[in-house]
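Scrolling down, you'll hit the structures one after another.
Across the two complexes that follow, subunit A remains constant while its partner is subunit B and subsequently subunit C.
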Partner chain A sequence: MKSYFLSDQNLSAFVEGLMSKYPVIAPVAKRSRFVFEKLVDASELRLDYDTTILPPKKVFFPAKQDLIHFDQHGFTCCIDPTEQVLLGAHPHDIKGIAMSDIFYSDRHCDNNYMANRKATTIIGSSVQNHYKHAFFGTMNAERPLTGHDLFMTAIEGGFAVDVVTERGEALLPLGTFEPATEAQVAAAVEVNRKAEEDCPEKLNGTAEEIREKVRTSFKSPVWEAFAEKCFSCGSCNIVCCTCYCFDVQDEWNVDGVSGSRFRLWDACLTREFSEVTSPGGSENFREERGERYRHRFMRKAAYLNEQLGGPACTGCGRCSGACTANIANPTTVINKLLEQ
Partner chain B sequence: MAKVKCAWFDFTCCEGCQIELTNFGEPFVDLLEHIEPVEFREAMSEKTTGPIDVAFIEGSFSREADRRRLEQIRERAAVVVAYGSCATSGGVNALKNHTNDYTEEVYGADAKRPHLDSQKALPVSAAIKVDYNIPGCPIDKAEFIRVVEQLVHGTAKVYIPSYPVCVECKRRETVCRYDDGDHCLGPIALAGCGAPCPADGIPCEACRGMVKEPNEAAMELVLKENGNLPERWAKDKSRMFTANIRGDA
Partner chain C sequence: MSCSCTTETESLFLPQVAEIIDAKMITATEKHFTLKLQNGERFDYAPGQIVEAGLFGYGEVPLGLASSPTNGTSFDLVVRVLGKVTKALVGLEKGDVMTIRGPLGNGFPVEEFTGKDVLIVAGGIGLCPVRSMIEYILHHRDDFGRFTLFFGAKTPSDLLFEEDLEAWRCESCMHYMDTVDTPDAAWKGNVGVITTLFEKTEEITPDTRVIICGPPIMYKFVIAELDKLGVARSNIYVDLERRMKCGVGKCGHCQINDKYVCMDGPVFRYSDIQTLEEAI
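Presenting the complex of A and B:
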C-alpha cells in the first residue's frame, strides 16, 4: 500500500482542491455536536470531531429520499447520482458503510442506494477524539477495513495518507503530498491502534459468543427490565449506522393527479413499525415495548451477525448517546447478558 | 368538477389556526382551484346556512350552550374535520380541567354572568362525530394541505404518523435538547409536524398530543434526571397540551 504525508499547512489547500471538483461532505460543528454536511468553506472542516449525530450513510441514503415522481402520463425515476467526496469518515463508520453495502446489494440490489454509493469517493480519517460512548475497539475490531479510497491518520505535523484504491489515488494531484517515511507509517499504525485501545466503553465477548448468548436469551427477563424505561421513540434506530429499514409513502399534489413516492428512515422500536392492518382493525407483531426493545438486539447481535460474520454494530456509540432514557447502550446490555 | 364547499368554524380557541391558514400563501391559493370557502371568519364576512361539503372546526367544546351549534354544523356538513389541538383534544383550554375555579375571585359580582359559564374543555368529538383530526398548535400547513387534498379528491384515508417527535428530530439531525442541557417532551410527543421547535432550540411541548401508550413514568424520570426539572414540574410538564390525554386526565 502506498503511503504519503500531507502536512497540516497543506490540508486546507487539498480540501479546497477537492471542493473545486466535487461536493465535499465532511464533519462540521453544529451547536454542541457535529454533523456530516457539504462544506461551504474548507475552514469548517472538523477532523477532530468525536462523532456525528447521524452516521455518514445519509450521504447515500438520505433520511427522506424521493423514489419516483408521477403524473397522469407516467412516472420518472429519481436516481440521479452526483460524483461526490465523503471526507473524514472514521474507521468504524467505514465499516458501517461496508455493512450497508452488503444489506443493499445482497440478494436484491437497491439502486437508489447503490447509485449514490458508487458515485462517492470515501476518504477516511483517524479518530482524534473519542465520543463518550464509543466502543469500536471491542466491536468488530478484527473486521477488515474496506470500502474507502483513501485514509488519513493524524500524526505529528500532519497526516499519513494511505492509498487504498486507484480512485483514491486519482485525488492526490489536488493536493501537495510527499512520500511518507517509514517512521510516519509506523506512527499512523500506532495512532489507529491506540484509538481502539482508548475507547471509553468496552464490550466483552467475541462475535460468536455474543451471537449465541443473545439468541439463547430470547426469554431473559433482562429485556423487560431495560424496556421499562423505553419510550419506543426509535432514536437508537435512526442514528444507527447499520439500520436500513425504510417506509415508502406516496404524496399527492393538490391537483390530485401528480405527486411523488418517497421513502423515509423507519425505526423498529416504534409501535407503528410492526403494526399491520387486518380485517376489522390492526394487528401488531410486537405489541409490547419489551418485544420491540429486544428485537433491535436480536437483529444486530444475533440475526445479522449470522449474515455478516459479526454483529451489525460498529461500536460508534450513537445509540447510547441518543437514548434519553439511557437504556440503549449495547455494552451495558450485552455485557449483562454475557454475565448470566 | 364542482368545487368543494368548505366552511370554517371556531369555538373555544384563539383562532390562531385560521390565522395560520391565511399565512399559507401559495399552497392555499392553489387549493382554491378545488375548494370554495363559504364561511371563514378571519378572512371573509359572508355566513352560510346551507349544506356544506367539509366543515373545519377549530376550538374546544367548553360550553354546553355550544352543543346545539356543533350539532347544526354536523347536520349540514358531509365531512367534519377537527383541526388544531383545542378541537382534537381540548388543547391548552383543558388546563382548566385541572385547576381550581377562581371565577368568583376574579370577577366578583359578575361571576354569574352567562358568558362566563363554561364546563370542562373537551374535544369537538365529545359533542359530535368527527371524521378527521388534524392536531397541532397551530396546525402544520403541509399536513393540512395533505388532508384537504385527500378529502377533495376522495382518496384513501390520510396517513398521520403515530411515532414520537424524536424520530423527526433525528431524521433532520437536530441537536437533542437534552444534549444542550435542556428538557423536551419529544420522546412521548406525537410527530407529524416535522419537529420545527427543537430545530430552533425550543423544547417540544407535545402540542399535537401524545403517542399511543406513552411511557409517562419514564418521561417524568428523564425530565428530572436529564432535564433537571424539580419533581412537581416534571410531573406537570406535559399537561400544557395533553391535560385530556395524560394517564391522570
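Presenting the complex of A and C:
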C-alpha cells in the first residue's frame, strides 16, 4: 500500500481541490455536536469530531429517497447519482458502510442505494476524539477495513494518507503530498491501534460467542427487563450505521396529477412497524415492546451476524447516546447476556 | 404509461403496468380483478407467489396471485378494502390500469405434492392465494392423488368465488367442503369453525400434503387437527402474510426472526418455522 504525508498546512488546499471537482460531504460542527454535511467552505471541516448525530449512511440512503416520479403520462425511476466525495468517515463507520453494501446487494441488487454508493469516493480518517459511548475497539475490531479509497491518519504535523484504491489515488493530484516516511507510517498504525484501545466502552465476547449467546437467549427475561423502559421511539434505529429498514409511501404534488413514490427510514422498535391491517382493526406480530426490542438485538447480534461473519454493529455508540430511556447500549445488553 | 429506465440502473421498485380486463365485486368488500400485462408479455409465475399491486399516488400492497399460471396470459388478483391503497384499487374498473411488481417470493413446491393426496385449508380471504394452487391441481388433475378443499368463512355472504364454489361442489375429481361461522336463514350447509370439517371426512390420511392459508388465529387450530391425524409437520405448508413494503428482502417489514416472508416465503414448510415465535 502506498502511503503519503499531507501536512496540516496543505490540508485546506487539498479539501478545496476536492471541492473544486466534487461535492464533498464531511463532518462539520452543528451546535454542540457534529453532522455529515456538504462542505461550503473548507474551513468548516472538523476532522477532530468525535461522532456525528447520524451515520454516513445518509449519503447513499437519504432519510427520504425518491424511488419513482409519476404523472398522467407515465413514470420514471429516480436513480440519478452524483459523483461525490465522503471525507472524514471513521474506520468503524466505513465498516458500517461495507455492511450496508452487503445488505443492499444481497440477493436483489438495490440500485437506488448502490448507484449512490458507487458514485461516492470515500476518504476515511482516524478517530481523534472518542464519543463517550464508543466501543469499536471491541466490536468487529478484527473485521477488515474495506470499501474506502483513501485513509488519513492524524499524526504529528499532518496526516499519513494510505492509498487504498486507484480511485483514491486519482485524487492525490488535487493536493500536495509527499511520500510518507517509515516513521510516519508506523506512527499512523500506532494512532489507529490506540484509538481502538482507548474506546471508553468495551464489549466482551467474540463474534461467535455473541451470536450463540444472543440466539439462545430468545426467551431470556433480559429483553423485557430493559424494554420496560422503552418509549418505542425508534431513535436507536434511526442513528444506527447498519439499520436499513424503510417504509414506502406515495405523495401527490400540489398539481394533483404528478407525484412521487419514496422511501423513508423506518424503525422496527415502533409499534406500527410489524402491524398488518385486518378487518376492523389491525394485528401486530410484535405487539410487545420486549418483542420489538429483542428483534433488533437478535437481528444485529445473531441473524445478520451469520450473514456478515460478525454482528451488524460497528461499536459507534450512537444508539446509546440517542436512547432517551438509556436502554440501547449494546455493551450493557450483550455483556449481561454473556454473563448468564 | 412508459418508463425511461435503462437496465444498468434498473430499480427494484419499478413496476410493470397491467390492464384490467375484468373486474367485479365478489363480496361487499372484495373485488376480483383479471389482468394482463400492458406490454403484451405473458406474466409468468408459480402458484403461491405474490405481487406488489399498486396505484401511483396511493401506494402498493402485497397480494397473492389468485389464479393458476396455467390459465393463459391473464392473471387474477383479489383486493379487500382495508386501507388507503386497497380502497383506491377497488375503485378501478375494466379498462383501467394498475401497477404490478413481481412475481415475488416462493410459491408452493408443486413437486412435493405430485402423486400425493392434497388437502387445502383456506379461511376467508385466504382462499385467494391458494386458488392459484387449486386451479393448478385441477388443470393437472392426474398428477395428484385425492384432492380435498376445506373453506371456512364468517357468513354465507363472505364466501368468495361463487361460480368456482358451485363448480367445485359438483366436481367429481375433488372433494370440496365449506362451513360458515354464522349462518343466515338460507344457509343449509355446515356451521362452525373450519376445524369442524375434519370430523366430517375420513379422507385425510397421514401421508396427505397440506396447505393452510387464512387468518393468523386459524393456523394453530388446523395444525392441532393435523397432528391428531398423524400428518407430519414437514408435509404441511403455510402461506403467510405480512405488510411487505419492498417485496425484495430489504425493507424489513415482513421479517419473522431471521426469515423474510417476501424472500423465504410466503409459503413455508411448517416444520421450518414451527419454532419461530412470531410466525403465526
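The rule we apply is simple: the second predicted complex is superposed on the first by the 337 of 340 C-alpha atoms of A that agree within 3 Å, B and C clash if a C-alpha of one lies under 4 Å from a C-alpha of the other, contacts with A are read in each partner's own complex, and residues count from 1 in each chain.
The working rule: contacts are C-beta pairs under 8 Å (C-beta built on N, C-alpha and C of every residue); 3 or more make two chains touch, one makes a residue touch a chain.
All values derive from a computational prediction rather than experimental measurement.
Of the two partner chains, subunit B and subunit C are each touched by A:Q249. When the two complexes are overlaid on their common chain A, residue A:S43 makes contact with neither subunit B nor subunit C.
Using the contact criterion defined above for the overlaid structures, shared-chain residue A:F285 touches subunit C, although it does not reach subunit B. Touching more residues of subunit A than its counterpart among subunit B and subunit C is C. Contacts of A:D110 after superposition on the shared chain: subunit C is touched, whereas subunit B is not. Once the two complexes are laid over each other on the shared chain, residue contacts for A:T82 go to neither subunit B nor subunit C.
In the superposition on chain A, A:R261 makes contact with subunit C only, not with subunit B.
Residue contacts after overlaying the shared chain place A:R33 against subunit B, while subunit C stays out of touching range. Applying the stated contact rule after C-alpha superposition, one finds that A:R299 touches subunit C and leaves subunit B untouched.
On subunit A, the surface touched by subunit B in one complex and the surface touched by subunit C in the other have residues 249, 251-252 in common.
Those residues of subunit A whose C-beta lies close enough to touch subunit C in the complex are 67-68, 70, 73-79, 103-104, 106-112, 115, 218, 244-252, 259, 261, 263, 266, 268, 273-279, 283, 285-286, 291, 295, 298-299, 302-303, 306. Contact residues of subunit B toward subunit A in the complex are 27, 30-31, 33-34, 145-146, 149-150, 152-153, 155, 159, 161-164, 166-167, 170-176, 178-180, 184, 186-188, 211-215, 218-219, 221-222, 226. Only residues 30-33, 35, 53-54, 58, 63-64, 228-235, 238-239, 249, 251-256, 264-265, 267, 270-272, 289, 321-322, 324-326 of subunit A touch subunit B when the two sit together in their complex. Of all residues in subunit C, only 1-5, 9-14, 29, 56-60, 80, 82-83, 215-216, 241-243, 245-246, 248-253, 255-258, 263, 277-278 touch subunit A in the complex they form.
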